């Protein structure tokens, strides 16, 4: 078997085809105004509601490469800025994704930024105010960001704990946009477009999603996100029974609790 | 004495003979539909119930190499993606098992994924959504997964603590399948096939297993898994007394509590 | 597209144009007297109230380069003093920002110093008393600071916890200056100057800021800082609706709490 | 003075003379049956009761080298599997004791395995099930264990805490054997054989041991183990007074509590 | 601008001019007797009361170089003893400050020793008893201290917590001296000498200091130290208003509490 | 000034002159019997009571070098066994103190062993039982100890916490000896011999010591050790007033508590 493996530099990650995105408010206008003034952007909202899609849409719209970093507990500032590596006897500097984005005048998107270690939040401070400068301490240089560069971060306010909160001195540097699940009609359209399912099934899936979202806080941490509905639709299109599809793609993805699982399954059994 | 030591590259680990696996529901169909749509898979279930066997069966069925990683507290993203190593004066990049699986278009199975450090869960995010891309930050590249690549993870929901839970932003990327011990008839057949024991003894062992499973939550964390029954059967076939076999292979493997041990021993003494 | 990327050495960061700064008390006189006697300076005050601007003003006034370090949990003394790096087979010493500032006779400004690890606070002790000496233990040398060198640190007393407090043996080495938001008239002038907004809108924004500052301690950690008012003004100038601008640039930047968010939005809706 | 220092490779550690071991049950038969089926072994029991002696006996019986690893808090998987080391400009791979045991077809005995870090427990998983494979991730290889290889682990269930417990997914891979102090007659014989003491003194020591074992849980964590009795016997043979010998070799080894010490001393004073 | 940057080896730090120091008791005699017998010295007392000045005075008096180490949370024994560094392809050993002091027969002063990591306290043990030997484990050598070498440590007993206490096995190796703020007359003389302020103002500052010291334990952790009085005097001499000087140099250096700050300001306003 | 700096290899540290030591029980006989049988030794007792002196005496008596390691929180097994170091382009193995002692057939004395990290306690296990073997995992070798080698450890049972306790599996490998302060007559003789003070003063110091030891548990963690009495005697011989000497050498070394300090001072004032 022959695999064609494509290997890209992060700053070559341009979105070439327009990603489907229907605005629900002024978010595109606010993003563009902030971008023109060099202000960084903060996206808030639950997982799977379209934040990443919005960033892909804006990257396509602004024709800038999109460099995404999924943040986590062990992400250090070196992971973002870069480090010296020894290769073939030579010591070479390798830019991290943030430095690459600055040099390429791209969009750097730090997903779930509150998960990162504190030094990473601080390395973005000089980029996120008037200075627009990236300190690269290991090489003893300051990198001035070109006007095309854009810094964006996201987090899910529903899950913040006291330990993992954005400091006021960080958050007060950003213009913030709030996201939520799309309205029923729009969500149905998204499901149809992404999975190729027919309208009736898509409408049922949206209905089912609303039922699970009503269970949020009553045993569920989250209701079914738009992404999960697309997963279920793809299984159905692939020939799996709708009730089994909802169980595998939605219910089991949301919870491990046996009682919640059978409650959600009854809901889907009543619908399909 | 002569040892023939076989040394394999992980991506050469093809399952050549069909592993015995009898489906208990739609799990094969759901797996295949998810695989065709490039959706990653999450297996849930107790230890020793057949999750690994199912993965071996699917790897054989799909004719893909199976690269298994047992996750643990100290597993980092570098352990999965790879690292630079100095060898003979030369610095060489050594792919980790996840990068090997991506390049080989294989199945990467992260067993007990919730045990891993948080950066490992995050490194799989871009592989587990539409992007299907592995960021290799140390070499500054994005590796696009071929369509044959499959990501699968597992965990045991019975043991999750608040500290070791899959984040919603992770679990909502997967299609999930639930596993449990096989039914009595199937389990007996498995024991016979794996150990060569006779049907009567195998039936007794299944009966004994059900007795211990009823003790779950009443002093036992888990009842006897199918794997333990096979162990006991092998000892019996090896000439060890059945009661001693059950004590060594099952009771002592399940618990250290003296009262539970003698209770379980009485059960086996009454059976054999 | 052509980016002109400017790369600077930190000690080349001279402020060439006078930064707008209107003193609210004796702070310039105290800073200058302390500077002439070689005493280090401690700035206290909330985020976004003008501490950084004051430092930029003093750096311009004293014609010294300004070397700013944003402190964080993982900042070590090596990050400040320097380290040996292997480059092209050669081991070279790379001065950290503090050593660069000492050598250049510049101003070293450690922002949010209480966030740093304890070894960093201690490395500044010999620089912050009569000795005015930087111990560079890795090279086995003491660097005597020239009279032009100035050490300044800052922190926000509103957020100190017991764990992150400046030790008495550290703070008693500094002359301290307290900062707060500017008065209404001055703040309006700042907003106009920084964003180009008209006086009426700027006055409304200041009024709005005072409303949010009254909510501090009643659900808000902080009221709107001067910086946030400038952000909102820039969005308005960029054509975004004032209420939307205040929501994105101020309310969402301050809090995630839905009730607080709608309370603040009502305030802005009543004003604009 | 002339020292003859013998230096061995771990896999050359063959037990040449039959170690004295009298079975107390089916433990030899169970071990041999498990060994023939390639099942790994778990030994449970208190310190000093003969687990190590049993392993030495089985290693002699099976004519396999015995490679023992005392586990501890900081034992990592690299300590077991091996690591790259730079020697004389060359980078060489050095097998850890587990890899040595696999290559040599020896017996690898991980003593007090619950003390080890979690990554070590996981590295033994693929060796402890059907796969019988050691993943050597640093070299990107899987090492298949020859049939002569045997994995054995031990721990003391009396001291397990919640934090240091064997996970069910680990323990359910092993056939388990329980050990305890030998019976009085056997224990006396052991003491005589190991120290050369006369039968009467040996009998007194066993009697004394039983007295201390009755104090377990009443101020003592453990009673006198067989090993401590041998120590005391050696001191007595070396000319030390029996009461002093028991105090130094047994009482002081068991506890620091002054009241317990004088209680135990009274017991020995009454005996000797 | 021309900076004359002086760079010293730590062991070249001789105090050439007699530092002003007026003894308050037998401290000079005790220090000299301990020094002659090779006993190490422990200084106790609050920050800014003159411990460092006393050490400078004794170093001048004994004509020995003074090597000061400010201890902190991350100070390791390697930081004190030395380490191997790679420089220009060569590996060289670089003595730490403690080894430099031993070789130079100097005075090594470990300031705030309880802040250091435990391994540092232990590395000084063999230097602090009869052996007077520094174990340099990395080079496999023991360095015998010459009779001129002197070890001194300090800490502030007012701030010790249970976690950061000197172990009995450490503190019982030292001869200890207690320090406190100087008497009023002496303190006034010090202020005049160090700042050039006139006697009347100096007397007022001492009076003010006593007022703040009475607030210790009633909202203040510490009263104004002699060092802070000198700071305030320098600002006054530099033309700053006395009340403003006391606020910046003393009140703000002592506390962040708004009520304490205005209380202290009222005190100074009533005085000047 | 000319310093004659003596530099020794640790295994060259022979005690050439008989250290003064008067046995208080059978400790020399028990040590010698254990040594002849190759059993390791555990010393218990408070700081400054003579444990180190006893070890020096036994090293002199047995004519073996004495290699002492002061244990601490960060002491790892590599610190004891050795490590590879790069020197002048060559990688060389440097034996740690424990390996040096094994090779030299010396006495290795691990002082305050409970302070060390857990991996160090485990590395001594194979040396502390029948095997008498040091596993040097980094070089892949087992070093067999010659019969002259002796392992000794110490700790102070008065300070053990649950966290820092010797595991039963460790302590049950040792023959244990208990130490306490010497009797009054012997202690007076020691003070005279070590300081050259006259008998009357020495007797007063012992009397004073007993007074402080009665305060143990009533505000003092420890009473004055023999070592502290020698310190005070040396200060007195050096011309310092006895009351001042007791304050500096004893009271201040024991406690920081002002009330305890004045109580102890009153005791000494009443005596001298």
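By letter and in written order, the chains are A, B, C, D, E and F; residue numbering begins at 1 in each of them.
Definition applied: a residue touches a chain if its C-beta (ideal position, glycine included) is under 8 Å from a C-beta of that chain, and two chains touch if they have at least 3 such contacts.
Predicted, not measured: the structure shown is a model, and the values here were computed from it.
Counting steps between touching chains, the shortest path from chain C to chain E takes 1.
The set of chains in contact with chain C as well as chain D is empty.
Comparing the CA-atom centres of all chains against that of chain D, the greatest distance is found for C. Chain D and chain F touch with mostly distinct residues; of the residue numbers seen at this interface, under half occur in both copies.
Its C-alpha atoms superposed on chain B, chain A is turned by 60 degrees; the angle is given in steps of 5. The chain with its Cα centroid farthest from the Cα centroid of chain F is A. For this pair, chain A with chain C, the centres built from the Cα atoms lie 30 Å apart.
For the pair chain B and chain C, the distance between C-alpha centroids works out to 52 Å. Within chain F, the positions touching two or more other chains are listed as 86, 89. Traversing the ring of chains that begins at chain A and proceeds first to chain B, the chains occur in the order A, B, D, F, E, C.
Looking at the complex, you find that chain B touches chain D at residues 1, 3-10, 13, 47-48, 52, 68, 70-75, 79, 85-89, 94-97, 100, 111-112, 115, 156, 159, 221-222, 225, 227-228, 231, 234-235, 238-241, 244-245, 248-249, 252-254, 256. Those residues of chain E that touch chain F in the shared complex are 26, 29-30, 32-34, 36-37, 39, 42, 44, 76-77, 84, 86, 89-91, 102-105, 117-119, 121-123, 125-126, 129, 133, 135, 137-144, 146, 148, 157, 160, 167-169, 171-178.
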